[in-house]
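The data blocks that follow each hold one structure.
Two complexes come next, and they have one chain in common, chain A, joined by chain B in the first and chain C in the second.
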Partner chain A sequence: MSDESTREEGGAQPEEQSENPTPDETAIRWQSDVKFIAKLVAVTYVGFAILGLVTGVSTNEIAGFLATVTFYAAVFALLALALNLHWGYTGLFNIGVVGFMAIGVYTFAILTASPEASPAGLGLPMVVGVIGGTLAAALAGAVIALPALRVRADYFAIITLGFSEIVRLSITSGSLRQVEVNDRVYGTGGGSGIRYDPVDGVVTWLLELPGFEQGGEALYQVAALVNVTSSVVDRFLYAVILMIFIVLFYLLLTRIARSPFGRVLKAIREDEIAARSLGKRTQVTKIKVFMVGTALMGLGGILWLGSRSLVSPDGLMPVITFYIFVALIIGGSGSNTGSVVGAFVFAAFLWEGPRFIRTIARTNLDYRPTGTIYDAFVELAALDPMPLIGYLIGSLDELRWILLGTVLVVLMIKRPKGLLGERKEIAAATDLSHRPRGETDE
Partner chain B sequence: MSESQQPTGHNDDSVQTAESGDAVLQIADLEKRFGGIVAVDGATFSVERGSITGLIGPNGAGKSTTFNLITGTHKPDAGSVTFNGEDITGRPPEQIANRGLVRTFQIARELPEMTVLENMMLGPKNQLGETLWRSVMPGARSAVIEQEKELRERAWETLEFFEIDHLAEEYAGSLSGGQRKLLELARALLTDPDMLLLDEPMAGVNPSLEKKLLERIHDLQEEGYTFLLVEHDMDVIMNHCDHVIVMHQGRVLTEGVPEEVKSDEEVIEAYLGGEA
Partner chain C sequence: MFNQQRFSNVSAQDLFGYILLAGIVVLALDLVRRLVMGTLAPGTLWALTWNGFVDSLYIGLAAIGLSMTYSILQFANFSHGDLVTAGAFGGWTVAYIIGGIGAAGFGSRLLLDADGGAQAGALGMDIVSSPLALLVGLVAAALITIGIALAIDRLVYKRMRRAGGIPLLIASIGVALALRYLIALVYTVDSRGIVASAPFVGPLEVHELAVVGSLLSAVGVEWNIGPVNLHEATLVISALALIIGVHLLLQYTKLGKSMRAMSDNRDLALVTGIETERVITATWVIGAGLAGVAGYLIVLDQSQISINFGWFLLLLIFAAVILGGIGSIYGALAGALIIGLTINVSLIWIPSDLNEVAAFMLMIMVLIFKPDGLLGGVETA
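The block that comes next holds the complex of A and B.
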């Protein structure tokens, strides 16, 4: 009773001050997270750069490689963050991520493609396309959520997977390939896809703005000093824009996580019946969170796939969803920082890393590609290792999946909760450990 | 305690049907079948407002199923459940809980990978921050934070009462069975219920704490809460309940004040002998 009266009489002021440690603590945690990620990225890049320089790879190739790593790390981080909201927080086993990416990027393509192109688009500005694609993915999320969230978890997973395949197959279907409206042929373009101005064109647009013009020029010149081409610089700049999106995703998701809403999400993950018995409207909450997640997946899809000038169903295979899960699992599902770290580790060491080895091998070794591993071993018996090396390097794209599988197995045994999964990220808008009367018997 | 005004407030608002007297909860002809098994077979009873009512019966008598039917975990095949004069038959659990009828489970349903405090903070109903936009929008969030601070205070007070405050920052999954029971009851109290349905609340709780828990239940009773509890400990039932309902084979065998029930031939038979 007495507490209530103090609160009403402007008692909030002193209370606010006594709680100063709370925001500080989050700030410290946030800073240490940023530092950790920065260190990890710096060490990795310096490591690759030194490795490249020592083995005589050209600076432009090294820079190009690092730009690619940064790009993939960023897009995987965006999607892993979105998936973390579904799977890490709410326990929704969404294995149809690529379907929502597809909805996002195809909507973007149809909205922004030139009306003269074939298939034609609406020729709207890029911003409209990005927003439209994101909203379309959210809408698709709502449509899927209504039936899917009524069934048990494992059936839910199957429905989402089915959805992503339905999307991909619908895109290739003949009836949607070409749709004639008012003498113009719209549609998905089937297997050949839709052409449009890629979303990374925003870099060129930015560099033409009055304030940025000189900065961009200077950047190109500095890069030219170390023999790095302007196109590589552009790719780095696009990665920087992606990083801004990562920060926005991260802030949004951290806010959701540190709130009563996030607490209900966690409760749904842990025991939905218990949550409902406490009066939580879990069904509505699940639909909302599913839509937020699919919107972010749609946006992630636009920023990733939309940065090519062509979107086609080939890039929308269900395995993409699997990669995003791997990135999330490496980092530790349930942790937003973990999602980012996992995405980086995945992109740098599993996705792009092996390709760097091939670059090094190409510059340094004179190997012949070999037909089969059998031939390679036959030659090895004759003390010629080159065919085997040639075979391994030639099959690097396939061998990556063996590496990926091995890493997953080792991770599941050694650190089943991922690199950062052990952390307690408390779902509350304030520091719960603050005791009312300040007594501690610990 | 701040929740002390709440139950009486609810009581004033509540609609009471003329024939029910002062029954807060009425169950009529409740039936539930699982395949060929009739778990609850026409159970009829009512719980008086402000009472501690015990629900006893041998294993398989249908006590837990009755709980599940009342609180919406299962839908009854027939019969009706009326709470505060309102028909709540077959409503989903969250609606029933939000009307002030909150339960605990026989095997505690703590949320294992959430801390004890997070579990507690989940209790209070109608939290501002449970709406997505309020949690995210910069302007609206300050109200959420204010409410969180108030709720946190209540969460700590309740934890202290149940003597599990030293575990506040542990994961609920690392608690012992008895501690989980306490956590579940404490969490249920934070919802500001009118009536609590406790499924074996004393199971696994140590004797000194059990004594305290019973005192607490009596305190809450005086504040206007109603309790319906399933319990196997006859001492608890006989010494602490105002009214006892005995179930057997899905039906109400008999009911009355503890002394009557204790000496009832049929009850003795159901528990000690008989073909069941």
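The block that comes next holds the complex of A and C.
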């Protein structure tokens, strides 16, 4: 839990919540938001840790779980922020997020993989790969945006989903698997993918730098005191690096949102024809913002999928897009803080939470794995619930999906605006829709 | 929100039409060249066209339902593919329970051989060995899917009737995930073959084949049809019968008229006193029933069943609906024919793992340049 303390230092300022912040208030709100997120994270981590300790899960497993939660919360936050730029700010319903992630991470892989490997890469430094992948995703965004942004929202959704499937099927295809150039075999590797040095190798590289050497050693030793292995510490450190990216994404998005460009985005979301009739070049604006968003998605894809040493089409299924949508919807689209909060809640409770329950069950329950759900119910009829519990724990992945789908449906019915949805930044300087309440004073 | 952008005097739509036409002409010429040069056997072309027709039938069955929900409930239903899956699992479970009595344990049959205890061959799950069980399964596939769709409508969509296209779309994605993994929870995620190998009759002379054959022999086509796959024949006959049935229903019943009225102009339909909820229920009954049957027939033809197959089919179904113009069931059928032929005949030019890419490309082009569909916005005529 090394990162909690670092996150706590953000803001201990008196908070002030109001419906429509002036620019000055936004600064104060930003600090209170950091405080809110830090509190949420701390409470969740302490909760999980206590739950784990009470039920006898080893400290290394608890720390490993929290590292995984932090990692997923961070990558989902990055992608949810990128999606928020498209959907929350501009109203572009892009459900092909995974396609742009794929282009980012595959470009990264081809640029950085070793020239001796099969399929071969260009062997360029990691930084070049990250920048190249991000640019490639931006370019792909332009290719899609130029023609597609004229269509209706639901058509646009289908186009982007079709695009992400075209990317995945092309990567899988045998015809792009091996491309021979100058006696070297390049290509996507088809179903078996490309091997490369993962981006989280940056942690090892950092810890070998002169200034950080002792710090790293000390961290490892402190962790060893509570039986936490160095690999878990490395994963925490990578998650901390991801958090730096979250802050950068967040700053970029708030900067965009408060610029004249951002006001055009919100105007497009609310009434594109009105925005155009005021002389705003909405098409150009949409293409630009779509490219920025897809670039961030490409970068998010590299930071997430690139941290494994292998990328293959199996990791690029269209459902990944929906994880990010759920994260964004939980938090409330239109709100950057909501995106981060939603990503954390999603990662901790929907994504990794069920796995923690499985870990607890494994340490504590003596359940027998059964063959099928039918056998389990037959045993249940004989008043033995353990086989059914065993079956359900064994099918936890499926249960998690069911939970995910149900949460999505319930949110759309009960709280379509999400947890922080009322924080959506409106296009007008004052909220015209809430006039009669008399609350707004500007 | 759609606006027409014009490139000088020719609209983008016209331009796209010309390019598409030119492309088709070039491909047709190349096809003729290949046939003349002998690099493409007529039999191969016939086989690909036939496969395209068969594929278009099940895509078309599913597309009718998607098109109807799209125009009457006014949202893109992303759970439609999983209704196809649900129909396949439901229908085949019933077929297994009835057809495999005595041949395998009830638990294995109920879970469609999830534990390897009810092999399709041992149970004789083909149309000749157990025709009754397979027929009951077909009906059950429709009924079970209708039940599921109505339950989902009651639980989810009914509460958001006024919620606009995008919230409904997102909710339908949630429904799709929940439904798919509920099926997975019961039947496991393993893909497996659950139909015994298809029985054949034949080979037949062309003129022996009922409708298609007599048409072909009338124009002087005289080559022999290879052995006829009875499972494929079942698919073709059931699908055609259902399509004709839906046509009659929509054209000649009061219900059909109200449905067409509602998809043409919702407000006008309301003013004339059409009961919306009744029409919506009918939409789900027809749409889900056809989707369930489509799923059942796909598995009959291809033998493999997995929890994902409906979801992977969904984009092709969308492609068919969009090509035909959303709201028109004849358009959806025409679109399905185009998609079916595209994914099969395109194999002449491109490798087999890229045929769906070609279909999706076609779909995206149509969405961008001719969003009313190739047939030009005929609404449920």
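Throughout what follows, the second predicted complex is superposed on the first by the 399 of 442 C-alpha atoms of A that agree within 3 Å, B and C clash if a C-alpha of one lies under 4 Å from a C-alpha of the other, contacts with A are read in each partner's own complex, and residues count from 1 in each chain.
Criterion: contacts are C-beta pairs under 8 Å (C-beta built on N, C-alpha and C of every residue); 3 or more make two chains touch, one makes a residue touch a chain.
Computed from a predicted structure; not experimentally measured.
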First (chain B), second (chain C), both or neither touched by A:413: second
First, second, both or neither for A:280, with chain B first and chain C second: first
Which superposed partner A:375 touches (first chain B, second chain C, both, neither): second
Partner chain(s) touched by A:267 [first = chain B, second = chain C, both, neither]: first
Contacts of A:259 with chain B and chain C, given as first, second, both or neither: first
Partner chain(s) touched by A:288 [first = chain B, second = chain C, both, neither]: first
Touching both chain C and chain B, counted on chain A across the two superposed complexes: 273
Chain A contact footprint on chain C (complex, rising order): 1-3, 5, 75-76, 106-107, 110-111, 114-115, 156, 159-160, 163, 165-171, 173-182, 184-186, 188-189, 315, 318-319, 322, 351, 353-354, 356-357, 360-361, 363-364, 367-369, 371
Complex interface listing, chain A residues touching chain C: 93, 147-148, 150-155, 157-159, 161-163, 165-166, 169-170, 172-175, 272-273, 319, 322, 325, 329, 371-375, 378, 395, 398-399, 401-402, 404-409, 412-413, 416
Interface residues, chain B side, partner chain A - complex: 2, 71, 73, 92-94, 97-98, 102-103, 105, 109-115, 117-118, 121-123, 125, 127-132, 134-136, 141, 144-146, 148-150, 152-153, 155-157, 166, 168-169, 171, 187-188, 191
Complex contacts: residues of chain A adjacent to chain B: 1, 3-4, 7, 12, 15, 19, 252, 255-256, 259-264, 266-267, 269-271, 273-282, 285, 288-289, 292, 424, 426-430, 432-436, 441-442
